[in-house]
């Protein structure tokens, strides 16, 4: 059996085709075409959708909606998505960014999925053809997910309230030792009133840093005041071990990099 | 947090050619009817530039410009035996074989020229531009083009030569290890300067100053290519590379260029290369093999620089941020 | 780059016409236009794709192999096992009389490392070959494996390779290659300080951008042309001739344009089986390593352990050096016995030391066989030696560069392997490095020369 | 095995071929069309040797299915020289001794071309970023970075 590509104009039709055994959704190709090239014979058909709305970026009223087929390059160069640009640029080299999609990144296993770390901190809504769900819910169940993701939506952060940091061994393009995204609301004198922090590589998929978030409330972003948040950063994490770094190393440097993101 | 700076030095030597010898290489050289020269080999160009260097060696020996030499190599139906491209042997072994073959061809060429000019072959010299002239009387000359035509169609001479280079094999004496591993050695000294982040163990190599002694830089731009690339690989070996990151544990081996770590274009150290030339007694125009040794001295130089910066010794390669951080924590724990 | 012509000008003739000139590379125009032909740029109609079924275990007995389902898979043309290979047990250095033959082309009864080739599948497409490979059933009895060299050398360790009978290569000199020079124990007794340190490395991949591979085409006259990126044409041809029990005149190898080697393409792994496949099917065959195979299946640079014990005087003279080197060969020899031996010749480094004792071992473990890589036998040794030099300098409170001047070899000095030093240039390299790096050393060192002893 | 038609413009000329469904653009270019300038270094999207330009954007042909390129305008290094005259990037790689084994070169040149098309006067940082998806094992990258910078300078001099 050869590998068959099936092209549909609607998500609905594609979704039906995806029910077949061995069918996988083709986004940018960086995950599934690679798997096929590497001899994953469990894959027998690739399903893609040409609906142009999947590639649309809509920004209005302080909210952004990114179609699932929007590429990292499209996010990175969009003038109204400046806050997200560092996270989009953190994915791959230029060619990968022209291919890798927002939808695909949601499924990328650690150490990949840096953009999803940002989406998690932004409390994005994942839109599928079956409806909408919070990104945390989506990530928890993503391995079993059969529904086609069509978009993600999130309130646009003010540039100064959103921070992103990816740590990699190889520059400028290397996969993550870890990545951190933080959405912080602060009073005019700098006191944190709300915090959403997400980590990459601290589990098999992006995760929230709830203990650190909580410890940050009421703090100013000084080395001294964030210390309890850094101490709590590792709570609930289960970092991956891979060729890039061990779980031990990731756990050790997580507070260091979180501290630099918050104070630096 | 502190970024701490340190520097380290290392000095090395490296044997040219297959250890203990016994690794022959042959070359054939012949002229075409219009005085171009074909070098026939079975040596392999891995990208280091073997073909170009053999062309220059042949050209220098025959006395023609390099663009009149064609290199036909790595076809076992046409090329004579070569042991292979490894052990920094290509330039040294194949170069010697090419010189020998080219000298033989040159001798025939001069003999034919001598007949045409009605002088003794020993009175002739080449001008390097494609002409043969009488020593001391350069107006009396003939082009190599005409000499080759004459050899082919008038005088029935084959302007050709055979070359073979073999360092006889040495067998180590069992109890003392007395042996002759190599006939010549290249040398290097590298000073590396690094910055170490003492909270993360991350190392930045700021600069490396490499001094290489390579016998003879046959083509300086190509020597530079190899030395710059080698210096990068040495740094890469020092800090990044392994197929088994948790050796001897066999798990988590990288399977792609994302997982197999090497410095990217944003990680480059400022690299200075200085070349010295002490010609070897048996190398082609004194050349030694710089291909392997140029990637060696950076490794200990970087290791020593890391110690200089943060006071911990990492005696296991690669010197990863994790190994440094563990050592720093052990140091702090006293 | 700076060429410092003032050094050694007295022994060198400059001003040649072609040598020493930065002529443009004749291969570069092909590279920049994409026209340079690498082996995989040759495509033949009807070419078959070879995929290898590999061992999922580090060490296991093969109880049975069932290829029936794979053979029936659409697009499959041939499935090869050990019994198809005429001379299945081989070793590449047999060509220079370094045995024993200790490795199989396709596993026969046993696998000794995870990734070892067991069955070769040939199919019309790469995809069909992959699908069929997944249908090959191999029944394994998993055996205890050993990964650590020290463990492997202990009595009672699992035996990695029966062709050796013990977990180390047996040299004519015994369990290791030895160098003995002077009296190392007397040297230690005389020394002001003793420093013994251990160094370790991990396996390293060549990572050429072009993976190892070949394309074989039957010429129709009982000859086979093998387009290959081997680093050694006749070495590969002659080994293929032995493995295939085929006269060398039947083989025609074409190569010589290689996308990076670094020592990774001298193992003769892909060519023999691809030629055999072409012979048995009468079809062109390509066998090209995937990147994953290049990373984890092709031989890496060996992991090494180096233990150095030095006796040093307060004035910086090293009076005794004992080195024990261990090369992790993995499951099979390939070039590792040669590499370990090269290490023995290289120690004690570019220094003149009166009392030297070297032992280098080539050790077998259940991992990917290691082999040649840029500088093997020396690269890791230099790391160990030169870190050791730094430690010695700090131990006696001396500048590390000055310590090296004191001990540097010079013309005429006797090396530990009993060859007099010729053509030394270490001192001049260090002098130039001292200047370039602004790392000052005492004037007496700057006045030294490799030409003769003493200032 | 199902064959499907693919049709696109390659370096200015129309190409139409039948390939097996699921064939990558890399394999279609190399095996069917005969343009072997894109190289298969990993088939994983991690080395950049297969880089081509599709409708003005740098893409990895090893991860792009040929069927998805219908009507596309594809450029490869093989089509870069016009009328036998090398492109300034090719010239710069040659003059700058920026090739060794040459296997990464076509991909590097594609990545650099996209950069210079959009950013005629790039900074070193721009060049580093543009080349970051392309692996070179021989050169240590510096000569390649210098070649791209030098091509940019040559271009701007020609324009001026």
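Which chain is which? They are A, B, C and D, in the order written, and residues in each are numbered from 1.
Just so we're on the same page, a contact is a pair of C-beta atoms (placed from the backbone, for glycine too) under 8 Å apart; a residue touches a chain by one contact, two chains touch by 3 or more.
Keep in mind the model is a prediction, meaning the values are calculated, not measured.
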Of all other chains, the one whose Cα centre sits farthest from subunit A: B
Interface with more contacting C-beta pairs, comparing B-C to A-D: B-C
CA centroid of subunit B to CA centroid of subunit C, Å: 17
Separation of subunit A from subunit D, taking each centre as the mean of its C-alpha atoms, in whole Å: 29
Distance between chain centroids, defined by C-alpha means - subunit A, subunit C (Å): 41
Interchain centroid distance [CA atoms averaged], subunit C/subunit D, Å: 33
Touching two or more other chains - residue numbers and ranges from subunit B: 46-47, 49, 221-222, 224, 228, 233, 245, 253-254, 256-260, 262, 264-266
Set of subunit C residues in contact with two or more other chains: 25, 27, 125, 127, 207, 258-260, 262, 290-292
Residues of subunit A whose C-beta touches two or more other chains: 2-3, 36, 38, 172-173
Arrangement of touching chains [line / ring / star / complete / other]: complete
Residues on subunit B engaged by subunit C in the complex (per definition of touch): 7-15, 19-20, 22, 42-47, 49, 51-52, 55-57, 59-60, 63, 65-66, 71, 73-77, 79, 81-87, 128, 169, 172, 174-182, 184-185, 187-191, 209, 211-213, 215-224, 227-228, 233, 237-238, 241-245, 247-250, 253-257, 259-260, 262, 272-281, 285-286, 291-293, 295-297, 299-301, 303-304, 307, 313, 315-318
In the complex with subunit B, residue positions of subunit C that touch it: 1-5, 7-8, 11-12, 16-23, 25-27, 58, 96, 114, 147-149, 172-174, 177-181, 197-205, 207, 230-235, 237, 251-263, 265-266, 291-292, 295-296, 300, 303, 328, 338, 341-342, 344-346, 349-350, 358, 365, 367-368, 372, 374-375, 377-380, 382-387, 389-391, 400-401, 404, 408-409, 416-419, 422-426, 428-430, 432-433, 436-437, 439, 450
List of subunit B residues in touch with subunit D within their complex: 46-49, 221-222, 224-226, 228-233, 256-258, 262, 264-266, 268, 271
Subunit A-touching residues of subunit D, taken from the complex the two chains share: 1-2, 4, 20-22, 24, 43-45, 48, 51, 57-60, 62-65, 67-68, 111, 114, 128-134
Residues on subunit A engaged by subunit B in the complex (per definition of touch): 167, 169-175, 241-246, 248-249, 252-253, 256-257, 260
